[in-house]
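To start, the structure itself, in structure tokens.
Chains here go by letter, A, B, C and D, matching the order in which they are written, and residues are numbered from 1 within each.
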């Protein structure tokens, strides 16, 4: 079992209302110094068996065609080295 | 300028309908072998100045009180080493 | 002296005028409260209305919870001020930890608008005394993030203490745990629910007038 | 295409001195003659910024260059109407609905963007039409969404439809507007060209009507709302102005992303500055963004205008002036404000967290002048940009195949014989995607917000209360039938009108005015242009007879994949008024024993019918005959019956015919009905004919005499065809369908396809 992570973010030129709303709220909460916030999605996929290049290629294809909307989003695939939990 | 990333995921015991919907769709799209999918959020914060331990501590507090709802979510803060784009 | 019921407007509140209308139809005086003011203008009760405060962009209710008006409301709710959170208002109350649990994306992942049948499980709160325990009512439901979740211990505690105030009947529209549609705090002054009683106060525009009881309940409590 | 700010700036002075510099006019969608005309107007070559402005403003989408000559009929043939306060030509027409209230409404298309990115395309479509309504000074109160997709079971429809629906809901729900009516139509002709039209309606007091103009020398021009980004550059308006070819990546616009929360703030903020009397003129930023807003405001006012473009708040600091002028970033408005009121204006914007910036002022010249860091980059007569664009008399010709199509009469199609076959076909129709219940879609829309929704989908028309004291209200419906229009575009446009008109009347409302969205293929195809000419002529002629002026609308051309155009699809919205919404007539059969009357005459009319489509996959012959006088009479009967409390329910007959209408009313009310064809009508024609000017009404026994007397006195054909009874739909002597089976068949289709 291995975990492959796909991070999906809006392309830089695309408006990100969610990130903007967060950024605007931060100073009110007493957090200064954050000049920009972008909000995206994180997918954690549990994959059976070892993660080799062919698995990663398949995940990339999955991201390209399904997890990300490449009209407005970029994505990045990586194997999780460090567990969140 | 540095980028700090906050990943927020639903706690394992909380049902994740979005992740499940993705997982259910994968076989239909011809992607087999993914045993579980969880969908979370990724925040990219651009921070002015160098990111030292005190900045990270502030971001952690921000995540704890604001970016994540710790009743149902876990989070993880890290400095971005690798750029998505 | 008329009873004054405050209705908060956050940026992105949508059902604030409807809540005011319902308060008026019940015979109380609606008072508009602004998210940026800490002053509650001497109201006797507060309603946090439905809508998409701050676009619901981070999590529903997450940004509104930090507004100045909420500081005062959180403080006064702890000392007994009746507070009703409807839909987005419920989400704000959970985010503020005035109510336990959280509201997550509907399990079917769609926004849903429907006339929803509910059972009033607890008729002893500040907002439900006009009903009989076990009474069934139909009021509109409309949300995208209405799935009520809490850990098993919290859920058991809510059940044991009779703090589940409303339960969905016939259809669980969003995957809420144990069909929970609304809960109260231990004191019974703070109540939150996903469905919209303020949209069921006139024959002409609602599926019923079953929602009126929320507003007459609080009036009765305040007058007595 | 653009000069980045670090590169050399193409100033007016520079342009005058470099007449031979190559310019990318063709890439920007201009024709050689158009480019030459710009040079002629300016007496020199345009600067890059000027070229950008002209190219977007002279695009088909913004200039209506192919459609203008035909649209004039809506004004020329407009019936006299006391109700019309602001006619065609403004951002939206305004109609007097009585008691000092005015209503403004308009329909618009967002077809191409919704194909590229269904969610955002549809969402920003709603956002755009809502801003048109706010710009008139009105509070938006509802949205309707006529939609058309490819075949229901086509894989791409699974991509487009859920995205479009989620986008409309996502934007409208978050904005706090009920979406309370519309259409969903499936047809393979829309496969590569879905139609996403959106109608918004708003209400105001007469004295609050505002028109977009910049007058008063020294008045300030304020841009407020979202920051400007790279959205739609390159550009959505140009894209919507040419045959769409998804394969050409260069034509893919940067997708515009909507921010409904920002728009909600814009609404509240704009209404507040209006209420305090702080604005001279106001304009929304839609297609062509600042190019459009500045040139239109300036040309509608008395003086000129100066704009300092570098003051525009940017989301992306690397944007060039050309890009800023062309950007179609959403949720922005432009206001003209007297200097003494600027401070208060900015205060209100700050209260709502809306960014507002003075970007220029009204001058005493006659030119629109735009500066970039002090250097002049635009110096044009604003009218030449906004109004004096090219006008084409495009050739049109009745296509050769039209006769053959019309000759293919559905009379040749096999009809059902016997009760069992009739029964099976009734169920097939009720469960076919076009006739099936649309609740899988409409349940994703908030229909309650604002608390004034009296009737919403699936009722014939949406009814909204606008005054809580008096009960004054309005009704709205949109309709269109591309199949009919394909068979005969003149009649097809009229059929769209009469159906919407009838739907409004069925609720008890008096129809008052019209908005239209004309969705067609490429105007460069003479056959398409003929369809367009016929449809506009038909609509204008019928509006004159019915006394309902066209107050505004939208044209969407180039809905075409390769050589194949969509069916000509004029979509018509009708607005009506009810003096007291408590009197509205719903569609549901709610009580046993109500008598069912069929109003109007039924003929064997099956050209373009749902029956021919569903059972035989056939499209041919002539569409049902239009009878405008009969439509008017029927509307009068429906309105009088509602006002005087003579009927309990009414439902208009349209696609699918009588049986479809009765089935819908039964399902909605949870009651069965027993039907008997009137003398002289065979069961098949009785059930499935799509003859127009018809409705079915449910009359309480106590009112029967009064009702039939009224019909007789006015020569309204009315035949008793049955009674509300039991828990099945029965055609006496032929078949019985239990209500549960009918409901299940009607309701399961869309969830099965998209759920």
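Criterion: a residue touches a chain if its C-beta (ideal position, glycine included) is under 8 Å from a C-beta of that chain, and two chains touch if they have at least 3 such contacts.
Going by UniProt, the chains are A, B = Phosphoribosylformylglycinamidine synthase subunit PurS; C = Phosphoribosylformylglycinamidine synthase subunit PurQ; D = Phosphoribosylformylglycinamidine synthase subunit PurL.
Worth saying up front: this structure is predicted, and the values here are computed from it rather than measured.
Participant: Which of the two pairs, A-D or C-D, is linked by more C-beta contacts?
Facilitator: C-D
Participant: Measuring from the mean C-alpha position of subunit A to the mean C-alpha position of subunit B, what distance in angstrom results?
Facilitator: 8
Participant: What is the distance in Å between the mean C-alpha positions of subunit C and subunit D?
Facilitator: Whole-Å distance between the two chain centres: 36.
Participant: For subunit A and subunit C, what's the span in angstrom between their mean Cα positions?
Facilitator: About 34 Å separates the centre of subunit A from that of subunit C.
Participant: Indicate the residues of subunit A shared as contacts by at least two other chains.
Facilitator: Touching at least two other chains: 12, 17, 20-22, 25, 29, 39.
Participant: What are the residues of subunit C that contact at least two other chains?
Facilitator: As it turns out, subunit C has residues touching two or more other chains at 54-55, 57-58, 66.
Participant: Name the residues of subunit D that each touch 2 or more other chains.
Facilitator: 259, 261-262, 353
Participant: What chain pairs are in touch here?
Facilitator: Taking the chains two at a time, the touching pairs are A-B, A-C, A-D, B-C, C-D.
Participant: So in the complex, the part of subunit A that touches subunit B is made up of which residues?
Facilitator: Residue positions touching the partner: 1, 7-9, 12, 19, 22, 25-26, 29, 31, 33-49, 55, 58, 61-62, 65-67, 74-76, 78, 82, 84-85.
Participant: Per the contact definition, I'd like the list of subunit A residues that touch subunit C in the complex.
Facilitator: 17-18, 20-22, 25, 28-29, 39
Participant: Would you tell me which residues of subunit D are touching subunit C in their complex?
Facilitator: 166, 169-170, 173-176, 259-262, 264-265, 352-353, 443-454, 465, 468, 581-582
Participant: Contact residues on subunit B for subunit C in the complex?
Facilitator: By the definition above, subunit B touches subunit C via 10, 13-15, 17-18, 21, 66-67, 69, 71-72.
Participant: Going by the contact rule at the top, pick out the subunit D residues touching subunit A in the complex.
Facilitator: Residues 116-117, 120, 226, 229-231, 252, 254-259, 261-262, 315-316, 329-330, 353 of subunit D touch subunit A in their complex.
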